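This report refers to the structure that appears directly beneath it.
By written order: A, B, C, D, E and F. Residues from 1 in each chain.
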Amino acid sequence: MRRVEIIRHFSKYAAGSVLIKQGDTWVLCTASIEEKVPSFLRNSGKGWLTAEYAMLPSATVTRKERDIKKLKQDGRSVEIGRLIGRALRASLDLTLLGERTITIDCDVLQADGGTRCASITGGMVALEEAIRTLLLTGVLTSNPIKCRVAAVSVGICDGVPVLDLDYAKDSTADVDMNIVMTSDGRFVELQGTAEHNPFTDEQFDVLRGLAKQGCSRLFAEQESTFEAERRCYENCETQN
Amino acid sequence: MRRVEIIRHFSKYAAGSVLIKQGDTWVLCTASIEEKVPSFLRNSGKGWLTAEYAMLPSATVTRKERDIKKLKQDGRSVEIGRLIGRALRASLDLTLLGERTITIDCDVLQADGGTRCASITGGMVALEEAIRTLLLTGVLTSNPIKCRVAAVSVGICDGVPVLDLDYAKDSTADVDMNIVMTSDGRFVELQGTAEHNPFTDEQFDVLRGLAKQGCSRLFAEQESTFEAERRCYENCETQN
Amino acid sequence: MRRVEIIRHFSKYAAGSVLIKQGDTWVLCTASIEEKVPSFLRNSGKGWLTAEYAMLPSATVTRKERDIKKLKQDGRSVEIGRLIGRALRASLDLTLLGERTITIDCDVLQADGGTRCASITGGMVALEEAIRTLLLTGVLTSNPIKCRVAAVSVGICDGVPVLDLDYAKDSTADVDMNIVMTSDGRFVELQGTAEHNPFTDEQFDVLRGLAKQGCSRLFAEQESTFEAERRCYENCETQN
Amino acid sequence: MRRVEIIRHFSKYAAGSVLIKQGDTWVLCTASIEEKVPSFLRNSGKGWLTAEYAMLPSATVTRKERDIKKLKQDGRSVEIGRLIGRALRASLDLTLLGERTITIDCDVLQADGGTRCASITGGMVALEEAIRTLLLTGVLTSNPIKCRVAAVSVGICDGVPVLDLDYAKDSTADVDMNIVMTSDGRFVELQGTAEHNPFTDEQFDVLRGLAKQGCSRLFAEQESTFEAERRCYENCETQN
Amino acid sequence: MRRVEIIRHFSKYAAGSVLIKQGDTWVLCTASIEEKVPSFLRNSGKGWLTAEYAMLPSATVTRKERDIKKLKQDGRSVEIGRLIGRALRASLDLTLLGERTITIDCDVLQADGGTRCASITGGMVALEEAIRTLLLTGVLTSNPIKCRVAAVSVGICDGVPVLDLDYAKDSTADVDMNIVMTSDGRFVELQGTAEHNPFTDEQFDVLRGLAKQGCSRLFAEQESTFEAERRCYENCETQN
Amino acid sequence: MRRVEIIRHFSKYAAGSVLIKQGDTWVLCTASIEEKVPSFLRNSGKGWLTAEYAMLPSATVTRKERDIKKLKQDGRSVEIGRLIGRALRASLDLTLLGERTITIDCDVLQADGGTRCASITGGMVALEEAIRTLLLTGVLTSNPIKCRVAAVSVGICDGVPVLDLDYAKDSTADVDMNIVMTSDGRFVELQGTAEHNPFTDEQFDVLRGLAKQGCSRLFAEQESTFEAERRCYENCETQN
């Protein structure tokens, strides 16, 4: 598995702001809070979380034209934004969040495979950073985070199961699977694709095991970014 | 599992045209052939298959506004179109198809849950209908279909594993999984989502088993629609 | 004139749902009701009817790209949608409808000429189906339908006046006219076009006569679809 | 009928440029020539004519937002542009035009009813102005204009047949009809609409008669704008 | 400097309507008033002025495709519209205007260089025309116009400083500068561009001097259009 | 003037990649090369440079919605992208560049005033980075860079001339001017705006002087980033 670095408080304006580097994949994940909800939740007492995913034009080997030039959001970006949203909503008790919306923006600065998984793992930290601010400022009194989520890709390359595929591996893999787990060991999302060479039960079970190992390491990384703050933060909580 | 009816040769212009009814879910699946490929495949000798998914405004309980009015393709439709395309490409040897593109259009006339799975199961039959025409007319000399694919949804509702969820069940399910299999028992795509209540290994294994049963029945339905024709068709093949 | 078949209650969600088959032209016409009106009618006490027309990609010999791919509604579809709306509004007393909007969706499943006329004739039945529900459920107490409307195309092909042109005739006709009439024999809309060979008064008069015959037959078809129901419905009305 | 003024050579860049004033309705009609045709005519030897219609934001009592702000061409403008195109194509022998496209732009500077008809009448003059240039410069050797076309609106207001409706009359008329005729007395397009009060055969016949009178006067106006030029032009022709 | 002609009350519906002709550059400038403001000014007591700039398709030597066909407002038009808005807002005390929005539409009928400057100079007159109406009708009681603005282009062509460039000069100029001044001799906007041959302090100072001369003449032109009216208007004011 | 930091080789895929930090304003500037030119330069032997500017949603205090959601590029971004392009083209001999296009992408990660100027200063370094690669790899044999450009903002805040405005100062400034200079002391672009309080000749002269000082410091910063490389690079050049 590639080296993971999670840099918190990366930029200064968003409520949560994280730069996650997983090898050469770099994603800026930010969390913004708005005091309103989509119309289908109005007067429900519940909050919402939505996510958007995009690549900078310079993030890939060949420059990627901006969506606005084609007046159409890239289909893959739509699909990934929806995945990130579902994954991160699984970490929240939306009733405790109250009628507000959190938007998670995942902007890929550099893409070397696994950007959607890094977005979820980093987005979780940005989300928690934002929630902590809401708790510290007294906007929220109970923590709506039920558990953390993290995501990792696994695949089969030349018949060998691989954890955390970079772009080179990803583009030649027979099976490509993205697995989102909760910190208590359950599955939130499981997306396996094998357009070129369908997989068997046994292959799937090996990949699932590998993903569990990967997610464990990611949960440790997430936890470590909050360590210093946790002490300070718990003190603050006591004092309130 | 709900009653499945696959009506072939539904409309008269497309190369393949199938109306699939799975309970109250009705999808018109058509296959159209164009003698050119996307630019990334030009001069590769390979063909391509792409799919589009849309709902008629009257397909759901509340009228659904047309995408063109919002100048934006519905995010869910984008995601499903991409899934159908990946699933059906898994059934094809694109080299044997030659430099042509098959477009599978899945237009939902009535939606009662499971429309993406019905689109794949029905789209497979429309695809095969179109390929048979290409073989009969001599445009193709080898059959590019490697295997059939079919898809079924499974989920956990009130703690009980369920096969082939209708809309009422789908909207209250804790886990919702769409599984695409090949006729030789392998997995092409496996998409499990549990935004509200993440699932365990054991729950997943039960659902996977259920999906296998469901797909077996769908493969039988697909096969039966070609029975009469197969005899005629195999004769034709012999004579050629 | 081609054989006309009007299938009512075709799909289950819309307030009115009709599949009209006129030869090989098949149009799904549905009526949906919304309890609000466009801003120019707010607080006027009046209702509104609007119509949308579209072709499925597989409806024609050559696959027709979806509007959303070009981010532009097809000009011909815009023009036809506006025509259907004007035609069907002529059948309604909008004050009796009250402040609600009926949307007529005409989706062409198969196109063999005369789709705009079939949309009006079939849309009228879907509209009436929806109005009957509003009357039966007591939402409306007076019937806002003033009269029925139906439409037929006429033209001059190789010098010969023709009623109800199919695609082959339509594409070679010198004059192409679409006539919308009311069930009491007046004209709602009259659109004659002769880009290639302008027509004379005399030719016009022959075509108008032909159209009247065609509309008579269409009114009979519409009427027959309500026959069984009428008895039941009139009984219901008496009982209320 | 309102006073008609046709000002030729209004602006200096387009091949044909006409400002037509019909009462307070002012339309700038220009004809531009491009040495290529739409793909469906390539290598056919035939030319094409297309038309676009738009209103300036300040043309109406209430400022009209620009289409580009809504990213959608106004439905009424689409419909009218198509009408103008069909009407003016009827005046041309497209084979004599050769593989070039003439675009007629009709931009309404001030709208007081009857803009579509004024666009056709003025567009015809702009078209002829452009064709004359092509003839004079030797690009064309035979005149592709078969006849002139002109258009007028007629209607029934408070039961009285009226010729050339201004906005006040148009918005209260029971029947509104736009009639496009050729200079040899035939009909190119005939669009009658009676959303509020359908019309009878007899009413139609009266309106048709009125329209013929109106078109006669418009043909005289068109003719007079070419009088001086005609002498010069015929001399030129002789000398060539 | 080219001959300038400012025709007031050009069209009849807008609150202010001016056709400015500067040589062969013709721009129709209109001012429309709406009794509401953008959301960022709601309940601020302040008004707003916004401007839109567009070219008719026939305004240039080569026909310019309409923005709506490309679904994208021309970048240059966006830039110019923003410039006109900033320039004209500098003439207004937005608090005295009250919570209403004035939209200045600048539609270029014929373009021979300097269209953005002519739009500002002519737009100022249309703005004043509209404000006068608001004063005369008592909607406003104090005049929100602080000063007039006008704009002129200057440039260096073949080493020679030039005032008021037409298209031929503009397209070969080394330096191209648009200067917006107030009637009391100060600068509102100053945009110099020298993509091909950057300029020096000295060159700039010469151009600035030239622009001052040009603006003086434009202020005189603006003033003269109000002369007759001023007398009448001041009388009216006295009588009120 | 705020502290400037120019980080070269920031991301790994683009031909040039620079992160410029000017106080809390951070812009990622990248240069991508394509071996083709816009149609108006085809077969001219000349190259082209174009620029695009955008803000990440999290770059500002209030989250900024993505352009693609509104299907419209932000007007301010259009204007700034065009400015960056003109400014950087002034540094190039497009004939020496040959028929290729360089795209400069300026993506604002954090915005605290002066983003357009930072984009130009940083974009110049990214451009030079890309050109050096083309020279080192022998694609180019002569350096097309004629001079460097840099940009700085100046303004008048509470009557005091200020260099390099941050957001707080920028939003209250009476005059706001962006000046682009060449490394040889001439002006490429000069954009002064004084919507609220027009400026005099004297004020302008003070600001221009201030801008010259600012640009001098920026040229020094640009130069220092190439120092180490220059030695290496000049050696390489000698060896070739």
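Rule of thumb we're sticking to: contacts are C-beta pairs under 8 Å (C-beta built on N, C-alpha and C of every residue); 3 or more make two chains touch, one makes a residue touch a chain.
This is a predicted model, so every value here is computed, not measured.
The contact pattern of C-D recurs in A-B, the pair among A-B, B-C or A-F where over half of the contact pairs coincide by residue number. Averaging Cα coordinates per chain places chain B and chain E 59 Å apart. Here the spacing of chain D and chain E, counted between their Cα centres, is 33 Å.
Centre-to-centre separation of chain B and chain F, using mean CA positions: 50 Å. Multi-chain contact residues of chain F (touching two or more other chains) are listed as 71-73.
Arrangement of the chains shown, judged by which pairs touch: one closed cycle in which each chain has exactly two touching partners. Remark: ring traversal beginning at chain A, heading first to chain F, gives the chain order A, F, E, D, C, B. By the touch criterion given at the top, residues 71-73, 75-76, 78-79, 81-82, 86, 89-90, 177, 181-182, 185-196, 198-201, 204, 208 of chain F touch chain E in their complex. Per the touch definition, chain C reaches chain B in the complex via residues 11-14, 17, 24, 26, 28, 30, 32, 34, 52, 54, 56-61, 63, 66-68, 71-73, 103, 105, 107, 109-110.
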